[in-house]
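In the part that follows, the structures are each spelled out as structure tokens.
Both complexes shown next keep chain A, but they swap its partner, so chain B is in the first and chain C is in the second.
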Partner chain A sequence: MKDWRYWLTEQRGTLLALGIFIVMFVIYTSNHPAGFTANVVQTAANKGVLLAFVAMAQTLVVITSGIDLSVGMIFLLTNCLASWLVVGTPTQTALGVLAVLAVGLLCGAINGAIVIYGRLQPIVATIATGAVYYGIGLLLRPFPGGSVNEDLADALTGRVFGVVPASLVVLLAIVLVIWVPFSRSVLGRAAYAAGSSETAAYMSGVPIRRGKFAAYTLAGLLASIGGLFLTFFTYTGEAAYASGNSYTLFSIAAVVLGGVSLFGGKGSAIGAIFGALAFRTIGDLLFVFDFDPLWQPLFQGVILLVAVSLGAFALFRVRNRLEWFL
Partner chain B sequence: MNSAVPLFRMEGISKRYGGVRALEKAELSVEAGSIHAILGENGAGKSTLIKVMSGVVAPDEGRMTLDGREVTFASPAAANQAGIVCIFQELSLIPELSVADNIVISDPPKRFGMIDRRAQRRIAEDALARAGAGDIHPLALVKDLPLSRRQMVEIAKALARKPRILILDEATSALTAADVSKIFGVLKRLRSEGLALLYISHRMNEIAELADQCSVFRNGRNVASYKAGSKSDNEVVELMIGREYSHIFPPKTADMPSGAAPRLEARKLSWADRLDNISLTVRAGEVVGLGGLDGQGQRELLLAFFGVLRGLSGEVLIDGKPVVISSPAAARKDGIGMALIPEDRKTEGLMLPMTVRENLSFAALDRLAKGGIIDRAAEQRLIDDMVGLLAIKTAGLDVPVGALSGGNQQKVVIAKWLMRQPRIILLNDPTRGIDVGTKQEIYQLMRKLADAGAAILFYSTDYDELIGCCDRVLVLYDGAVKRELVGAEITERALIASALNIHGEESPVGLGADT
Partner chain C sequence: MSETTLGGIAGRMPKFIRRADPAVLTAFACIVVLLLLGSLYSRSFLSPEYLLQQLKVASFLGVIATGMMLVILLGQIDLSVPWSVAAGAMMACAAAAYGPAGVALAIPFGIFCGVLIGIINGIGVAYLRIPSMIITLATNAVAQGLMVVYTGGFSPQDSATGAMRYLATGFAIPGVPNAVIIWALIGAAMVFVLTRTGFGRAVYGIGNRERAAYLSGIDTRRVVMIAFAVSGGLSAFGGVLLAGYASKAAQSMGDAYLLPSIAAVVLGGTSILGGRGSYLGTVAGVVLITLLQSILSVMQMPEAGRQIIYGVVIVAMLLLYGRAPASR
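And then the complex of A and B:
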């Protein structure tokens, strides 16, 4: 009877992120000189999906109560790789895309193997692998350059039926093809279970290792989709260290804004997508209000701090003070 | 005994943890269509027994047969597959997932490779109904349910796995009376459906109502198996007694100081559903024990005194004056002077990677510092005193405390607090997992501290210790003090009987059997 209420509780984080995004986006477009037009939406979407893909990647790992500090670097590496491979005839381009995705998958699988079978802490393991991935990217593109199949790039960054941004359509497709099956599969549930209570999951005979491995591997794949899109927008590859780092950090911010718990076991990639879009809009808001761009990091930081603090209220209800430290 | 092949049999099962033998050539036969109760005091080997049965730990030796065929279980999942399902004392539910998710967790129904949510919902509703918990919504998150409801989900989860042997380890300890009677109905129905049920409980009345067969464990062995109802409560207690007295205890102080206000007093202390109207006094120079089965509120009581629990009702008095202790930092202040030797030294007592020196001086830093700077010379003197007093064996003061043996680690925890010369010392099962030699030293030390004027409240799961060390013992059951034993009344028989809350003929307070 009250099924919808349980659904509502479960989706609270996602809906909150959606709400924040909508409010910000409405403020943004209503103050934009051009208003709510297809062009404005397309530009915003194209900027937003990059972070959205990386945030989805981060979500998968965070659900297992891990963290992936290499997502930004996989994003860069695959961007550099795509600027070599995604060129030429349609067949060559298609093979190039597959190769780039395969590399992303491999990067994620390496992270997973090190964390799960090497039993290293995710934070340390992924800092190290992230540096390696960046290093490879730098060797591939010591200087910005390269090119991409522009027909494909324009198609995927343009508009469908003249109004809908193509990048959003791709994002939706990826959600349907990767996130939805994962979250409803046994492996996905194992990832959640491992993040929520690994001992209980083990005692219940849940395939913890395979679940976590799938999460890390798919994270690599999603980051590489982001890398492909970066290439489509810029037509070039560039191993920009600062940009990789900020994507990693922003992905964590987006995940938190999207209601995904950093303690694991809770949240959805869809929430993280709205978190990413909302986070991007913060920057754009400053632009339409003519703020000095110098204010942007400070402003983003404050918003993030407020969002994170909302999650800490539960601590006030704890009756055994030792539970503060669990 | 039955001549047919039993459903499940364990023969000569042994398991050691380090030097401690948890199971020693244990035997057990389980018949289909019956409820088999397992009895035994703390540490008798019951938990290890079911961990072996359910694939959580591998036995060192011995064999298990199912339907007459030998089996080994590499993991809980393997045991589940064979039809042995255990409901553990520590819940195995995943808090962030829904009730339905949890019920099907080990083998979710699938369609096109994805979890079939509709089928999952059906299975969950079915299992909840079978467990008599149809009121729990399958979409509710487990973490939002109260403990008693979670326990019902746990039972539903076990039933959904279609077990042949169902093990319930203290499965009713968190349940309300209404739930218990529902569960009993469910268990009886399962028995008539041909399941074998293994029922571990400390509640004698539950066992009397349910069990067909009983086995008593002591020192890791199955000392008796008998038909339920063929032995009186007294005979059962007799069977459970009988551990060797291997420890040497210091003599108790002959006469207790009286008259002055007690050093520590509690009046009607209650907290959540774990502490129920507890009143007690501890005088200077006295060692008061907390007895009873594990998990009856002893730990919470100590934490309550030490300022860890919020929302406490009742009163705490120090030297006859009411005080409010709001944190461990407040508890150790001069006017109160309390110290707590925690149960888990690895997480609550020590910073394992830090050095012995640093760990020792943590609690006393404020006394050793002048203007915020630590007086290294004073620190060294105090540390030398303590290392000497407790005979801590360490390669040096600058080795990580994690490198010390368990016994010496525990000495460091104790020494750390002694550096403050506490007036009230709370000990939470301080000798668990340490060697006999160190245990003896701790007993001596406790008596020495009491004689020097400290008030000591001492929780132990080891009855020998309570008998050997304490001037008085308060036995807790369900968060309330059920019985107070003084002097010669502290016998193993009295401790076990009151821990099980048996109202036998020898229970009345103040009637020492041997005096």
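And then the complex of A and C:
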């Protein structure tokens, strides 16, 4: 096989997600009353980017064949924290942003430490830590409120050169600064290898523990970037349990749509980003077609159900029935 | 591992303690500690009325945790509990609005809806081989969507039937709440199924190694599917009881039962990887969680503090005895 065909096979999931997103976005904008304008794109981008960050976070953990059911709660917690800290003079704001990111990093590191060094199952461990993070968020913001440095918020949620949504630029920058170096580093390789076959990776001397730990930690960081952006959009902090839960849920949907294998070892955060954007666009299709918003949860649930069921097609390739049982 | 470390001490203990699972013993020890702490805080904590009241509250969680335990024994997990509970409660109350036949069928109909959710989970896990935590999250979302559409986003106005209220709050035997009797019956049935039937053996076998169970001639996929259906049904039944207790259903009534039900099962010494665990442990876990909740509410701990303590206690106890073996 030629090099480009290898590349194509490797990126199939990502390209499929990109395709779904483009089709959905064309349907969305062509039926939107305002049409394809900078405003529509900006609004859509701002909504999509929130989920994209959380989905990126989920991807890192899913690649190691784990799962992080606390991403939504880290997202909430950092939102509540940002509504206290990201205010005041530029210096204070910058320090506040750093503090919020550090807290996200810490939450991710705690998850990683419990799962990897404490050897607990990721599902139970992250549900439990998620409860803790939610509790802390609720302590910070028992009632919705707070504020944020509005200059920074407007700059990051506005448009660059009047056309390109600034949030997309930030997303791109984060991909270039965090995802690309990580996926090409030894640790990133180790994370993939641990997800693909932990035993084989261990036997080959791959630093699987450090790789997985880095994945969980960076996941916390990415979720906190999402939390920051939520604060920039809403100007407030709110510890809404349902919202945190649905972000966790949607991040899994986005990851699946983005072609990341839930068994680990396969997929990329870029795919998950397109998965997130596609998922948001599909959810918003209901609005342009004038459906009752009440139907949205059901619609999103059905998309999620269909998306996860698509993975079942791999069963047709099973030759030996023992392969059913992983 | 723990058996060898405890060997020296256990040798001098009575036989029934030696045979017991250290996790279950730890859980019971924690219950005693909590009771002592509670009695220091308030004199009435050890009164029979209060303890019976706690047992009644625990029985709702107990019914739900029973289903969760069956699924966890398989090495799977059921994250669709929140909206299975809510769907069971809402649908039972909804059925009650349709005349006498509806009132009579309210409870079976609520359970039936839960079983339906469970069957979808089961098909996804057993036949489509979708990871259980993913498919159950998805069915949870769909169930939520259906309930939101049905209720219009508000808590439904229908109220629970007399039978539901009687099951949850009545006293068939003087002094013993019906809810406790129901939990005892369901628990007894579960113990019988797990220890005395082929289905129970199959559940433990699949939890240990599904491949081996399959090769031994067990229809593992059917067993998995039935287990999920039972879990869905019991969650919904828990919802029905809760609706009877509160005399109506509410939007997010099930949210408070996901983490506690998993925690109760896991704290009771059932391995989250499946294949190991006893119902006695689950009972201990349920009582432990309920007492913890009760003490926190007696101390007037706000919701935030409760969530934090919950999470910390669960992680801490799991670190004590729920760890996976070290890699090689």
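Criterion: the second predicted complex is superposed on the first by the 325 of 326 C-alpha atoms of A that agree within 3 Å, B and C clash if a C-alpha of one lies under 4 Å from a C-alpha of the other, contacts with A are read in each partner's own complex, and residues count from 1 in each chain.
Everything below uses one rule, namely that a contact is a pair of C-beta atoms (placed from the backbone, for glycine too) under 8 Å apart; a residue touches a chain by one contact, two chains touch by 3 or more.
Everything quoted here is computed from the prediction, not taken from an experiment.
In the three-chain model built by superposing on chain A, chain B clashes with chain C. In the superposition on chain A, A:I174 makes contact with neither chain B nor chain C. When the shared chain is aligned, chain B comes close enough to touch A:E10, but chain C does not.
Contacts of A:L138 after superposition: chain C is touched, whereas chain B is not reached.
Look at A:S185: by the touch rule set out above, it reaches chain B but stays clear of chain C. Contact with chain B, but none with chain C, is seen for A:A193 once the two complexes are overlaid on the shared chain. In the superposed model, C is the one of chain B and chain C that contacts more residues of chain A. With both structures placed on the common chain, the touch criterion links A:Y202 to chain B and to chain C.
Look at A:L322: by the touch rule set out above, it reaches both chain B and chain C. In the superposition on chain A, A:I273 makes contact with neither chain B nor chain C.
For chain B, the stretch among 75-83, 273-281 or 345-353 that collides with chain C in the superposed model is 345-353. Shared interface residues of chain A (contacting chain B in one complex, chain C in the other): 202, 321-322. Taken together, the chain C residues at the contact with chain A in this complex read 77, 124, 128-131, 133-135, 137-146, 148-149, 152-153, 210-211, 214-215, 220, 252, 255, 258-259, 262-263, 266, 272-273, 302-312, 314-315, 318-319, 322-328. Within the complex formed with chain B, the chain A residues making contact are 2-3, 6-7, 9-10, 181, 184-186, 189, 192-193, 195-197, 199-206, 261, 264-266, 318-322.
Of all residues in chain B, those touching chain A in their complex are 56, 75-77, 80, 88, 91-98, 101-102, 105-106, 108, 110, 113-115, 117, 137, 139-141, 144, 157, 271-272, 300, 303, 307-311, 327, 348. Touching chain C in their complex are the following residues of chain A: 67, 69, 114, 118-121, 123-125, 127-139, 142, 198, 202, 241-242, 245, 249, 252-253, 256, 262-263, 294-302, 304-305, 308-309, 311-312, 315, 321-322, 324-326.
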